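Across the two complexes that follow, subunit A remains constant while its partner is subunit B and subsequently subunit C.
Then we have the complex of A and B:
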């Protein structure tokens, strides 16, 4: 795997699980859209995903990493790229291990 | 067996309470355009108008599925009252999503304590296109100032708190405005087509000054994600409410077709009438399954809940509009006066094809989903 300096600086630098989260998210995107995305690609650029899809990402991150995304964290820029989502999960202290502890709404 | 029945009965206390409370008064509420404020406050104080609120905030902590069944029950009784539930529940949900922890702790318990709330999205120039919002929320030292005009806000005529979406200097957000604040004017819409007692009102906000923390923490560059989040709850609630409309219409039409005779036989034995009954059952079952599916996804925390909610809303609202028209056709003159279950359903269901994402907007979202997931 080659990493760009951007990814190294933003995602990989914040925790050892970062590549794992990024890979999982890229897999989620690929499964959902049946096309491949770059970790720094703007998902909501012209011709990209809708705000409905952004909310799917909110729910996916909550379910997968056991975090609650509300208040000031609920902004589109936090879901704009895979890198941004990795940063958000780290900031909220999320991990796959903590996911089992939180039920749905 | 008897134990299971008793448990089931106890679990249905909210339904029984609403049935007793509405009684035969839905027709009167429809004709007068008013539900007594004490009635709404009493339901609110029991947590029944926003039953998914967690216990920590004084709520009943219902699942989406459980709250949905209750919403359908109320929808079959009175769509105006169900619309009040939709608004109150959407306000509570918006606070849980957009408010910071301190804001939630201060505000959400008020919605389970008897105060009533409305969520104001639409403006004269911003209906389906909420990116065109013009209401302004401006910071001024320790305060925010709100200026704008909202239209067709459900529950606003009853509300103590208004959750108002608007533009901030940085983008978009929502502010919680007490209905009694200086500069707020609420004008009840006196002649709505349907849900006539749901407290629809236009709101004027002229230089309304509030403490800065009235602006919810969820502020974004565009309103898209904030509004989509808030509306998701509203769509679930409208979907279940429309399923209730279909259940009310199916019962009324089947009873009438069973009881009335024409040309020497029961109406139900006339094949063209029987077809209406079949179509009503198909619509009711289809809407029920779509709602159950969406609620189960919601309760699991599945990302598929987002499109499932749009689909359920669309299936239920269009089904209710067509189904109610069929029910009026079956009951004919017996159901053709204002206040009758099917007459109300006919008018109420039509409005449900317009709010929380019109049928056309729902179709566009579903089409876009189909395109985005086709690869």
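Then we have the complex of A and C:
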């Protein structure tokens, strides 16, 4: 899952474009759950994902976008929809490039 | 096999000792650490001890995310050890080893020898009668059963079993222990499977039989039980969460003690266990868990 992108040219903190993150997350969800999801769909509504899957999302975001999710950010509402996760990655300044840089340490 | 006791520890509270660093032991340890209690986790496997801190950290993050820990609370200290004598000085002991009555009794006997008489001994079991294990310890009045659900740090209600020889002091101590862990205990009488497993396990076993017969697949059985009956998880997903090896062990305990054929482990369940398909913890059971390397 580690991104080995070496596009370190993107300025730190500027983050990645939202459609790119949303597409990547929708692809991740489709691959993991074998079903398709909408960007604004509640993943944890009745019949949806379990709380144990939520931690898989946390780890996925951390690895893919080089962010650390802790404190008040570590709440289920931030992972409830793809849109919410995109907002969180933006807020934390995450990008695939920063994940590559972190992985190289 | 580390026992990183820290002399600068200002935490004067005696540790809660948890024995067995498997699915339940690490989850119970996380629950206690997350509620600020020092925990000493004992497992004879050095690999299990080495892996425990990271597993517990993952449990704690999950618990935090779900709002299941006290807000702003500080964590208790976690230490690990390889032998039961490390239970000496325990505030209370929770045994969470494999659901094998003989092994549980043997471990409880070793733990009882290490602690002060009067120390609360808890067996975390889904169905082994407490009275069966009481014969293995010198002070059976100190022993009670607590059936924690998985994941222990998310499910607030637990089944508490007072055996015929469980004492009043132990009943009080377990109530206080659970209060300190933010759990609500519901007390029931002793007997194979207590209440929850006696009712649940025959249903899980039968759901597996439905799949074996080919009447319906796991997704279909679970969908019906969830959407028609209101079962939150579905029986096959629940079996995967419990762990299929553990479920087979528990069914065997029930079958041997009741003679009820409904508890004879389904051949499909046994076949999955033989293939190493143990459910969520192994990445495959009735479902596939395609989750990288992080299965809490």
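Keep in mind that, in the parts below, the second predicted complex is superposed on the first by the 86 of 105 C-alpha atoms of A that agree within 3 Å, B and C clash if a C-alpha of one lies under 4 Å from a C-alpha of the other, contacts with A are read in each partner's own complex, and residues count from 1 in each chain.
Everything below uses one rule, namely that contacts are C-beta pairs under 8 Å (C-beta built on N, C-alpha and C of every residue); 3 or more make two chains touch, one makes a residue touch a chain.
Because the structure is predicted, anything quoted here is derived from the model rather than measured.
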Touched partner set for A:62, first subunit B, second subunit C, both or neither: first
Which of subunit B and subunit C A:97 touches, first, second, both or neither: neither
Most subunit A residues touched (candidates subunit B, subunit C): B
Contact residues common to both interfaces of subunit A (with subunit B and with subunit C): 32, 50-52, 54-56, 58-60, 74-76, 79
Subunit B to subunit A touching residues, read off their complex: 52, 63-64, 96-101, 103, 216-222, 224-229, 232, 298-307, 310, 365, 368-369, 372-375
Of subunit A, residues touching subunit C in the complex: 1, 31-32, 47, 50-52, 54-56, 58-60, 74-76, 79
Subunit A - residues contacting subunit B, complex: 32-35, 49-60, 62-63, 70-72, 74-77, 79, 102-105
Interfacial residue positions of subunit C with respect to subunit A in the complex: 58, 61-62, 64-67, 151, 154, 226-227, 233, 280, 290-292, 294, 296
